[in-house]
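Order as written gives the chain letters A, B and C; numbering starts at 1 within each chain.
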Amino acid sequence: MTSALFTQLLVNGLATGMVYVLIASGLILVLGVARIFNFAHGEFYMLGAYATFALCQVLQVNFFISIILSMFVVALLAAICYRLIFHHIRGNLLLCAAASMGLSMMFERGALVSFGTQERGLPSVFTGVMAIGGAALPVEKIAVILLCVAIMLGLYYLLMRTKLGKAMRAVKLDTEVAALQGINTTMVYALAMAVGCSLAGLAGGIIAPLFSITPNMGHAMLLKCFMVLIVGGLESMLGGVVGGLVIGMTLSFGYYILGGLSEILLFSIIGVILVFKPGGLFGEVVEDV
Amino acid sequence: MNRRMKEVTVFILFGILILLLPLILKSPYQMHLIIMLCINIILAMSFAMLFSTGLITIGAAAFWAVGAYASTLFVMNLNTSFWLALPLASVTTGVIALVLGSIIVRTPGVAFVVQTMVINMIVVQALGQIDFLGGWGGILGIPRPNPIGPIKFVSKTHSYYLILFLLLLTIVLFYALYSSRIGRAWRSIRLNPRLAQTLGINLFRYRLLAFIIASVSAGWAGSFYAHYFGTIEPGTFSVFKSIYIQIYSILGGLNFYIMGPIVGAFIMTLMPEFLRVGKEIEPILTGGILILLVIFLPGGILSIPERISFFPKMLQDASSRSRG
Amino acid sequence: MLRPVAGDERCGLKFVMTLLETRTLSKYFGGLAAISQLDLDVYPLEILGLIGPNGAGKTTLFNVLNGFQKPNEGRVIFKGQDITGLKAHKIAQLGIGRAFQASTLFMRLTVFDNVFNGFHMNYKEGGWRSFLHTPRARKEERNIKQRVMEILEFMGLAESKDQLAQNLPYGHQKILGVCIALATEPTLLLLDEPLNGMNPEETSTVLDLLNKVREKGITILLVEHNMDAVMRICDRIVVLNHGKKIAEGLPREIGNNKEVIDAYLGADEEVDGIVS
């Protein structure tokens, strides 16, 4: 393998991986802070893409502003969903699973009815290639990487340096104690869901120029997201980063080497990881006995 | 008429209704729905059996797939009769369940849920990638069950009676298990695994048993499905189907291992038909109703009788009743 | 495992087979020793009290004896058989039963069903025959139902038999825990603070019941903080502190033992008073 090819595959893997990291981080945040497993998480990704598309293509808004606006739309929608639905069943994972499946059905079909089945797309904002290390790298992909990294840094800042972030971490550690400390846990849960889902929405907006937008793109993404959680552990943000990058890289290099079989390879590796580390690479297993 | 007589009468009337259903429903589409309902009930019961030991699975569809594909291969590649393929496919599913179960049942809790999901994903992926198994397009033209005398299993009516028989068999089997020492052990494990151990209950063995039986029942449902529907493709057996299977049980009532699946599957399979809206909008309504049911009836439909006797408590916040 | 036992002054030494013994039993968590080099003997049909300040290692000892934890060092020998490291259900099958400190019950089942489930090990027509509901199996089930009522009547819970375990008052829940353990027909019963939170009247009732349990042929190893009760009912007492045995002997000897008194006062413990 030439170094040029290697670099291309690497950048490819990084771009895909960072997108997974972004979406998975959102899911992990919601799971860790609000203890909700949101099966509709993929749909927020899809909605972010459509919102960006609608703003950018239909209303001719600047791409970057579209992304930010769609982020707010998704965040607001997520907060509403929390208050109306998950607030009542929070803590019971099975009920949340069922409710979020219902939500997923509604969103997917809603998007289908609104936008139709044909694939949508946005024209590329970043065009051309950059030459790095002898390889011709699409600027688009580099832009994706940079955008995702920037957002993750923003997330880090939010969680570590702001009051809200501290509240979220406190709630994640122990909700009762956090409540006793005067933290409005309901608000924190709603905001966690808003932030988590908007991460997915942002990811949707970012990839809108690269991939086709369809109503069921959320499903496939959700499965990839599960894989990230499996590899990285359900509770660890760091795990999400590692997991996302690992999966992105494996798929990128894997497709080149193995073609379609790369997915089976990936699943099998995950299966083996699970046997030895049932909680994922960074996770902890809480036994019931 | 005292209470008992009333119950028996209702039971008998209901039984007659079920047996005469093909005479009442004329449209093949409606019969198809009922047949799918029966399959879904078996699948939901499979989930519920594992749940009765405290294990949550989102991989039931994987074993449904194993049964379907195994049976298809036996009939189409090895020229066996369907009537032999059905038990063989069930055994195949059982063996695979034994192997996988022995590994994953050791780690109950969240790890188990994740592992079942991975198994499901691997199975679907493998079925899609391996051309010998039909790839993503699946296998077409699966033959009907071999005729028994004059019964040719071409009409929906014949298929209906076959699946009805399988369903009733499954129900009787499961009921016998739940009301035996084994069922008590399962309930003990679910309610308090620690205490169950001090009662001499081997958690691993009983959970593995539940895993195998649950998977095998999904397997024979799969075998029937393959030869009834005529086509099988990997997409049908995805993780999302497994989650739907969960929902059947949740809607009906997680604490009711047989009636819960029946009620829940009934609602989810037939509700779309009762909503007289366009096929396009229907999932939106179904999704919405599902959400409402989950919020207001966290214990499932079958928890309503309890609720009625505790009417004043209904005014409380629903969140305090959601611990299942 | 014949061990000399100090009888009272008239009889001199006696030799008795131990029912359970531990030899140099140790259990560490991280660097901390919860139990350290513990030698413990339990004799048949005695009521042995295990006392000590909080953190002395009593619950850990129970967990090891039960099979919930594996010891790092040492052996546990029960009825002559080495049971060190066996799984919990196997140890239960060999005859060691346990009633827990916190109410460990099948909360959503009735009192009756709780005890019924306790009979799991004691079926002759278990497994296939139970599944097939053969006449013998059904007869056995009726028989077990009778035995459940016997236990409930014996322990005084018969009236509550249809109540959900979670609706019982705390004291009754603890008694129910003992009932479930009795259903397993143990040879040795480990009781973890059965008198916790009981008023003097309830305590007396339970102590009487414990004597009756012993009369049925069950040996009792009892962890308790209620010193008065311990002095009244136990034949012998073993005192633990920081995972080590610091005293062993008859109640009146323990009551006067300076080390024991120091251990309790030093541990800032609230104790119901050491009776001498």
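Throughout what follows, contacts are C-beta pairs under 8 Å (C-beta built on N, C-alpha and C of every residue); 3 or more make two chains touch, one makes a residue touch a chain.
Computed from a prediction, not measured in an experiment: that's the story for all the values here.
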Notebook entry, point to check: What is the minimum number of touch steps required to go from subunit A to subunit C?
Noted result: 2
Checklist line | Most heavily contacting chain pair (counted by C-beta pairs in contact) | finding: A-B
Item checked: Most distant chain from subunit B by Cα centroid -> C
Next item on the list: Provide the C-alpha centroid distance between subunit A and subunit C, rounded to the nearest whole angstrom.
Entry: 52
Note to self: Based only on mean CA positions, could you tell me how far subunit B sits from subunit C in angstrom?
What the structure shows: 43
Next item on the list: Using mean C-alpha positions as chain centres, tell me how far subunit A is from subunit B in Å, no decimals.
Entry: 31
Check: Where in subunit B do residues touch two or more other chains at once?
Finding: 194, 197, 203
Notebook entry, point to check: What are the residue numbers in subunit A that touch two or more other chains?
Noted result: 289
Check: Of all residues in subunit C, which are in touch with two or more distinct other chains?
Finding: 68
Notebook entry, point to check: What residues of subunit B sit close enough to touch subunit C in their complex?
Noted result: 176-177, 179-182, 184-185, 187-188, 191-192, 194-203
Check: Within the complex, which stretch of subunit B touches subunit A?
Finding: 54, 56, 103, 107-111, 114-115, 117-119, 121-122, 125-126, 129, 193-194, 197, 203, 239-240, 243-244, 246-247, 250-251, 254, 280-284, 286-291, 294-295, 298, 317-319, 322-324
Notebook entry, point to check: What residues on subunit A touch subunit B, complex-wise?
Noted result: 39, 85, 87-92, 94-95, 97-99, 101-106, 108-110, 112-113, 219, 223, 226-227, 229-230, 234, 260-261, 263-264, 267-268, 270-271, 274-275, 278-280, 285-289
Notebook entry, point to check: For subunit C, which residues count as touching subunit B in their complex?
Noted result: 66-68, 87-90, 92-93, 97-98, 100, 104-109, 116-118, 120-121, 123, 126-127, 130-133, 137, 180-181, 183-184
